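To start, the structure itself, in structure tokens.
Note that the chains are named A, B, C, D and E in the order they appear, and that numbering of residues resets to 1 at the start of each chain.
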Amino acid sequence: MAIIEMNNLWKEYGDQVVLERLNAEVQEGEFVTLVGASGCGKTTFLKMLLGTESPTRGKLLLDGAPIPDQPDETRGIVFQRYSVLPHLSALENVMLSDELHRHKLIGRAFGGKRKALKDAAMAMLESVGLTQAAGKFPHELSGGMQQRLAIAQALMKRPRILLLDEPFGALDPGIRRDMHHLVLDLWREQGLTIFMVTHDLAEGFYLGTRLWVFDKTRLDPQAPGAYGARITYDLPVGDCDKGTLTAIQEQADATARTMA
Amino acid sequence: MAIIEMNNLWKEYGDQVVLERLNAEVQEGEFVTLVGASGCGKTTFLKMLLGTESPTRGKLLLDGAPIPDQPDETRGIVFQRYSVLPHLSALENVMLSDELHRHKLIGRAFGGKRKALKDAAMAMLESVGLTQAAGKFPHELSGGMQQRLAIAQALMKRPRILLLDEPFGALDPGIRRDMHHLVLDLWREQGLTIFMVTHDLAEGFYLGTRLWVFDKTRLDPQAPGAYGARITYDLPVGDCDKGTLTAIQEQADATARTMA
Amino acid sequence: MKKLINRQPGRVATWALGLLPFALLLVVYLLASDARLEANPNDKLLPAFSAMGDAIQRMAFEPSKRSGEYLLWADTLASLTRLAIGVGISALMGLVFGIVTGTLPYARAGLSPLITGLSLVPPMAILPILFILFGLGELAKVMLIIIGITPFLIRDLQQRAQEIPAEQVIKMQTLGANTWQIILRLVWPQIMPRLISAVRLSLGSAWLFLIAAEAIAATEGLGYRIFLVRRYLSMDVILPYVLWITLLAFAIDFLLARYSRWRYPWFHGSH
Amino acid sequence: MKKLINRQPGRVATWALGLLPFALLLVVYLLASDARLEANPNDKLLPAFSAMGDAIQRMAFEPSKRSGEYLLWADTLASLTRLAIGVGISALMGLVFGIVTGTLPYARAGLSPLITGLSLVPPMAILPILFILFGLGELAKVMLIIIGITPFLIRDLQQRAQEIPAEQVIKMQTLGANTWQIILRLVWPQIMPRLISAVRLSLGSAWLFLIAAEAIAATEGLGYRIFLVRRYLSMDVILPYVLWITLLAFAIDFLLARYSRWRYPWFHGSH
Amino acid sequence: QARDSFKVCWSIYVGWLPWDYGAAEGIVDKWADKYDIDIEVVQINDYIESINQYTAGQFDGCTMTNMDALTIPAAGGVDSTALIVGDFSNGNDGIVLKDADKLEAIKGRRVNLVELSVSHYLLARALDSVGLSERDITVVNTADADLVSAFNTPDVTALATWNPLLGTIKESPEANLVFDSSKIPGEIIDLMVVNTDTLKANPALGKALTGAWYEIMGHLNDSGFRQHLANVAATDLDGLRMQLDATRLFDKAEDAVTFTNSPALKDTMQKVAEFSFDHGLLGEGAPDAGFVGVETPAGVYGNNGNVKLRFDPTYMTMAAEGEL
């Protein structure tokens, strides 16, 4: 059975239609990248997967049941910013989910238990190359290190689905490429299902097993909110030529200009 | 005579060397794009051109004389953010420099004079495609419109040098390409000398007549501040092949990783 | 079930929940008042609502026997005038000094330590000195407000002026502005909505100082009346006066907030 | 010449400029005091420094004849204890209610209107009620501080709790946290440094209320002493006491700022 | 109902300072022990607040003047008994003018005083004596703690107050005392007032307080006693003597009993009640000055059915006769 299934999914804010008539199935272990003009509803879509927004029409199913309407540990997330907790050191950030799990009441571990959690967290930090930074606070880390930490933190909980909202948008191109390798490695190792929003079409093509383009198929320049975006391309990656890329690019640009 | 000239220019903050031994000449009308890893000193260099930072060694000359040590109307600037004044409408933002010039004491024009200034400002707004938005406040404009407004505002003062610090970094790719055309048109029309920092190597190649790569030629991973960046490539644009691009990319990435 | 943190009350629930504690307070008052009046029908501490109603009627709608004035309105006018003058002068001084110290490093170096020092002096403790300097007339009452809130306003607005992004100051210079023009066309207009916020924050203290000043030497005013009738524990007058002051404070705060939104849309739009 | 706005004073100039106004104040005082003492050698309003020195000697270093205590220290201890208890309880209530109303929408709907209402009531006007409700013991003195600053603290901390990025609350939930854990491991630790800032902001009012409370019901304390000797216009005692209060206020503020920087580096690093 | 622990309060005024001596030296405790009760003596800095607290039931007894006893607790329905008539003001309250040494010059001035207090009453009596009325002046309510510094400002040219403020003000070269309470002797009376119901149920309280008071009075001329009082009042021995000299302190219980029994007390209370009624101090419900009845040994003034203030010499008589 598909892990995620959408049946005629709509999302509206008042009069404004953000997404309309989305239909798709995603299997466990896929890596879906989402591209599209700014404001076309990519983040809104992730929020529905996360449970912080609800569909206004149609169905969004997880394992065949309506997706929980609030965030929980089945779905991890990494945002572009605010992705780690600023008041905890890198190590504490990574240990957090285990601590919360072990000690429901105080959400903290002590003594021998703490030692065990710490070892696990250090192993995770090592796998994202942050061993040296274990004791530092996020504000002492560079942007790239913070995002590596965010990924490590999310993966400690072993979520089934990982949601990434432009996680590398603020990074240097070089650092960004390092992060790509890291994410691909972790995805393969842990058998995750990933949804990742990006502004960078090339990144979308490079990373995913499947690329979705969100775009408005109908556009009313007088009322940009009258129609919502749909999935206009759903490409298994590899199966695309230069022409497709250019076509996507031009279509997305036209939408962006109308909406800006 | 060169409009800008650097002789063995250094910039240090305390122990930290940011830039070292910069030597170059820039002629009036050139379009210099600056690329380099994050934190390597590109913004610092623009600040020296602007006059908000002073060189710690060597000389930085404007028309053969030391560059003024505070900002003035010879050099316009567009930042990535905060680039227009939030409390003025688009039209007022563009009229501002003329008003300041005409009325030293109150910095405001009234009546017939105001009418004349307004017409000039509307013409400028039209040339950047913001006629519709003249009465709006910046927070009502999209990011791309704000940056177009910032450019219009800077150009009203007819600066000889225009400094751009990642002015399009926060924009959608499509919008960004529109801005490229706008900047190139205005540069050609007004005979400006432009220095533009970008993170996007492709943008740097596409826009400039000359591309500078800032990079550290010596690197001590234990003390990233011990050596400063220099201009490692100074390419007349057009004169580069795929190999150069890749080489630049890889070198910059290595630096970024060490510094991150 | 959603987690508590994710649960939002609806419109009706929000109103109901918001009014509930007020209703509870009212009931508690009624019970306590009844109990005391049961024990002593002349008890003045927690008067019945009817007694407060009488007092309101007397103070607001019947001319006073002594002066022929409608006391509540005369008191309100006197107090609001003092408050307006005091807060107005403080706001003006806060604006001028806040802009000057926030914008000019030399002015900041010279004045900031003094202002910090002054802001820490408790004004009530130096009343005798204030009297010599400012006498005992209207000026003195207004002066206590001014001395009480001006240091705060100056410090707050200095902070806000310093928070104006350096990029904008640089931008003004590249557009040809000199220091005076930067103040006139950048700092001042941007500080105005922040001045309103700061004034709103300081109004609580301003009321406090006004009441204290009126308790010291006055012939009318809301604070005067409260402290006067405190002499014979007339809670039937004090409680409606306190409620009235609270209402006035609320109304002023509300109007300032509204004005700011209307006059400075750019400020509220981007925050 | 650089524009005034771009000119920064050096280290020495900063100190010199900062001290200048204090020196001027001192000189003005000396001149005024001399002039008054010239006219009337018994003038008490602006005592000479020698008279203040004598008073300090008497209050701080000679045991009182009434109780054998060193009055200045006994007063300081009494006042600081009250201040600490009052501010401590207020901080605790601010923390608890601020977190609860800032985090849980239902609690916010129920309590926010009440707290807003209460924050507008001028505490000085309801003094009689306060004293009756809380008696005249230490609790009552402390109560005025608590009633005076707690609504502000709650509202400020509610605001701060609401400002915690929604992303972090969501992140906690994806890491398996329930509401209680989100409060315990996200909201509470992040609010702590903000609590310190809020307390620093409210300390001025706390001193004011402390002095007012001591003026009414106390037998020792800095405010009590000032109001006691005011009957004799003993400015030779009042002025050093005011200076001492100012110094204490400054020291407390400084220590809190230092503590916050030391204990919450992540808060100050990212702001 | 009978109890065995009580609280009384006092505030700083020369006629009440001895209570602190009694508390500090254990005299009050000694007498309380004798009658097997506890009495806590509490100092309250603010005079009005002390009366309010008493009226609200926080204290069983409190020191106050005859006028405040009538207008605050009695008018507030708290039946109160003047247990001890301690003294009357014989110069402790006065009216001071600048640039004039005749009371008549007060006409047209703004007079700073604690409105509705005994100073206000004194002023009314003074105006009466020279054929003026309150309409001829403007009363400016001024907090007592601020009167001294107020006098130093040019705005203030007339004020009425009591000691020690009066003494401090008189030191100023500009001050001319034009009227004082020695011209209306016996009208401003300082009392220890206790709740009548409490006293009825607990005669021990009355006995212990009265016994303690007259033992304290026995120390009146001790230097230790005077030094203690001076310290509490934050003044020196001279300052204290000046205040005591202006006070007719009944250190002998017989004198207090005689004063209380004299018919003049009833007349005084009538004047006070009329003044209070004119100023609305008896409450809005009061139809006339006699609305609140005052019981004196010479008879009841005012409404017999609403007696709320009682001058009861019983306990002072016991003290005078050595029965305590």
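Note that a contact is a pair of C-beta atoms (placed from the backbone, for glycine too) under 8 Å apart; a residue touches a chain by one contact, two chains touch by 3 or more.
Keep in mind that what you see is a predicted model, and the values were worked out from it rather than measured.
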Number of hops, chain A to chain C, where each hop joins two touching chains: 1
Intersection of the contact lists for chain B and chain D: A, C
Inter-centroid spacing, chain B versus chain A (mean Cα positions, whole Å): 34
Between chain D and chain E, centroid-to-centroid distance (C-alpha), Å: 37
Chain B and chain E, separation of their C-alpha mean positions in angstrom: 82
Numbers and ranges of chain C residues touching at least 2 other chains: 3, 45, 127-128, 132, 173, 178, 215, 230, 233
Per-residue multi-chain contacts in chain B, two or more chains: 70
Shared-contact residues (touching 2 or more other chains) in chain E: 52, 56, 146, 148-149, 152
Interchain pairs in contact, sorted by label: A-B, A-C, A-D, B-C, B-D, C-D, C-E, D-E
Chain D partner contacts - residues on chain E that touch it in the complex: 9, 12, 24, 42-46, 49, 52-53, 56, 58, 144-146, 148-149, 152, 164-165, 168, 171-173, 227-228, 231-232, 234-235, 239
In the complex with chain D, residue positions of chain B that touch it: 69-70
Sites on chain B touched by chain A in the complex: 37-38, 142-145, 172-175, 177-178, 199-201, 249, 252-254, 256-257, 259-260
Touching residues (chain side chain C, partner chain B) in the complex: 165, 167-168, 170-178, 180-181, 184-186, 189-190, 264-267, 269-270
Parts of chain C lying in touch with chain A, wherever the complex brings them together: 2-3, 6
